[in-house]
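Encoded as C-alpha cells, here's the structure I'll be asking about.
For reference, chains read A, B, C and D in written order, and residue numbers begin at 1 within each chain.
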Amino acid sequence: MTGFWVLDYLCLAGILTCAALVVFMNNRSGSVMALSGVGTLMSVLFVVLGAPDVAHAEVIVGAIALPVLYLVAIGKIRTDVPDRGELGEEHASRK
Amino acid sequence: MRDLLLGVCIAELGVIAVLIIRLARGPTVSDRIIALNTMSTQGAIAVLFFAAYAGRSIYCDVALWLSSFSYLGAFVWARYLERGLL
Amino acid sequence: MILRVLYTGVWAYAVWLVITWTATAEQLIFGAVLSLLVGLALAPLGDVAAPWRVLDPRRAVALATLLVTCAVRIVRANVSLAHRILAPSRPLRSGMVVVPTTMRTDAGIGATGLVTSLIVDNQIVDVDTDRHVLQYHAVAVPEGDDQQKAEQINAPIERLLARIDRR
Amino acid sequence: MSVHGWVAAAFCAVGLFFSLTGAIGIVRMPDVYTRIQCSSKTITMGAIPFLVALAIAEGPLSTYGSRALVVGILLFIVNPAASHAVARAAYKTGVPMWSGSVVDEVQLRREDESE
C-alpha cells in the first residue's frame, strides 16, 4: 500500500511545483504554460485517487481550455502591434 | 507483476519531475511547449500502467484523452507563436 | 463520391472497433451507423485511399520492407542520439540542412516528413512546394552536395514510399 | 515471476532507459532545435517499449492491449507532426540556433538570392 502513497505525494509535489511556477515566473506565456502543466498533473492525480470522470473533465478544462482562454485574453488586452519581442521570446525582447 | 506496474508508474512520475526543470528554466516559449508535451505523454503512459495496476480498464480512456489533447495543445501554441490566436 | 463515403466509413469503423473493443451486437451496429455518418460528414474534404489497397501483394511487400527498415533505423538513430545526450562532451554537429525531394503530392510530402522525422537524426522544419525542397534540422550534418545529402536523409524512404504509392 | 513477467520487465527497462535519456536530453541540450529532436525521437522510442510491455503483461487481446495500440499509433503519427509545428514556429519567430551549430543553409540560400 505504500506505493500508492508514493504516487499520491509525487503527484502533489509536481502540482505544487507547477503552481509555484505560475506565481513566480516573470514571463506571461510561461505562466500560462505552467498552468497547463498544473491541469495535466491534476488529471493524473484524479486518476490515482479513483475518479476517472473528473479526470476527463480536468484534461479538457485544465490542460487545454483554460490556457487557451488565458491566451485569448492576453491577446485582447495587448494594445500595441504584436512585434517579434511581444510574441514571448525572451531572447528577442532583451536585445 | 503488480509491483512492476506500480514501479513503472512511479518512474514515469520521476521523469515528469525531471521535465519540470526545463518547464521552469526554458529561455523561450518553444522549450516550454516541448517540456509540456513530453510531460503529458509520460503522464498518459503512467495512467495506462496505473489502470493495469488497479485492474480497472475504464481508467485507460483518460490516457487516450491525455495523449491526443496534449498534441492539440502543441498545435495551438505553435499557431499562437506564428500569427496569434484570433 | 459514394466510394469515398464507403472508404472513410471503413477506416472509421476500424477505429471504432479498436477504441471500444467489445463484441456485442449493439456496439457493432451502432458503430457501423456512426462510421457511415462520419464518412458522410468527411466526404467533401478530399480523396481517401481504399482500405483493400494494402492487400495487393506487391504493395504489401513494399509496406513490410518500409516497416522493417523503420524499425531497424529507429533503434539505430535512438542509440546514437542517446550516446550524444549522455556523453560528457556532447558530440553535436547540428545545423539546418536543405535537401531536394522527389515527392510532388501533399500526402507524399507528409508521409516523407513524418517517417524521416521518426527514423533518422533529423527533424523536418519547413517545406517549399514551389522549389521542391525540404528544410531539415539535423543533429549530425551530412557532408557532400545536395544529392549526397538527400541520399543520407530522405531518398531511401522516398523510393520505398513511391513503391507503395504505385497504382 | 513467470516468463511473461520477465519479458515485460525487460521491455520496461529499455523504455525507462530511453525515457530518462530523453528527459535528460531535454534538460541538457543547448538550443531549442536539438531539444525538439530529443522529444520527437527518444520519447517515442521510450514510449513504444512501455506499450509493448503492457500488451505482454495484460495480454494483447484485452482492453489494455487495444488502448496501448491506439496510443502507440497516435504517438507515431502525431508526435513528429507536433514537433514539426513547434520547430517551424520557433524558426519563424527567429529563435537563434546554438552558437556551436555548424551550418544554416536556409540563411546561406537567402543571402545568395539577395546578392
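Basically, a residue touches a chain if its C-beta (ideal position, glycine included) is under 8 Å from a C-beta of that chain, and two chains touch if they have at least 3 such contacts.
What you see is a predicted model, and the numbers here were worked out from it, not measured in a lab.
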Note, CA centroid farthest from chain B's centroid sits on chain C
Core chain by centroid distance, with centroids computed from Cα atoms only: D
Separation of the C-alpha centres, chain B versus chain C, in whole Å, is 23
Could you please state the distance in Å, as a whole number, between where the Cα atoms of chain A are centred and where those of chain D are centred? 21
From the mean C-alpha coordinate of chain B to that of chain D, what's the distance rounded to whole Å? 12
Rounded to the nearest whole Å, what is the centre-to-centre distance of chain C and chain D, using the mean of the C-alpha atoms as each centre? 15
Shared-interface residues of chain B (touching two or more other chains) are 28, 33, 51, 61, 64, 77, 81
Residues of chain A touching at least two other chains: 87, 89, 91
If I count partner chains per residue in chain D, which residues reach a count of at least 2? 22, 24, 36, 63, 70, 81, 83, 87-88, 93, 95
Tell me, which parts of chain A touch chain B in their complex? 3-4, 6-7, 10-11, 13-14, 17-18, 21, 25, 29-30, 33-34, 36-37, 40-41, 43-44, 47-48, 50, 52, 55-56, 59-60, 63-64, 67-68, 71-72, 75-76, 82, 87-91
Touching chain B in the complex, chain D uses residues 1, 5, 8-9, 12, 16, 19-20, 22-24, 26-27, 32, 35-36, 39, 43, 47, 50-51, 53-54, 57-58, 62-64, 67-68, 70-71, 74-75, 78-79, 81-83, 85-90, 92-93, 95
Residue set of chain B touching chain D in the complex reads 1, 4-5, 8, 11-12, 15, 18-19, 21-22, 28, 30-31, 33-35, 37-38, 41-42, 44-45, 48-49, 51-52, 57, 60-61, 63-64, 67-68, 71, 74-75, 77-79, 81-82
Using the touch definition up top, name the residues of chain D that touch chain C in the complex. 17-18, 21-22, 24-25, 28-31, 33-34, 36-38, 40-42, 44-45, 63, 66, 69-70, 76-77, 80-81, 83-84, 87-88, 91, 97-98, 100-107, 109
Sort out for me which residues of chain B touch chain A in the complex. 3, 6-7, 9-10, 13-14, 16-17, 20, 23-24, 26-29, 32-33, 36, 39-40, 43, 46-47, 50-51, 54, 56, 58-59, 61-62, 65-66, 69-70, 72-73, 76-77, 80-81, 84-86
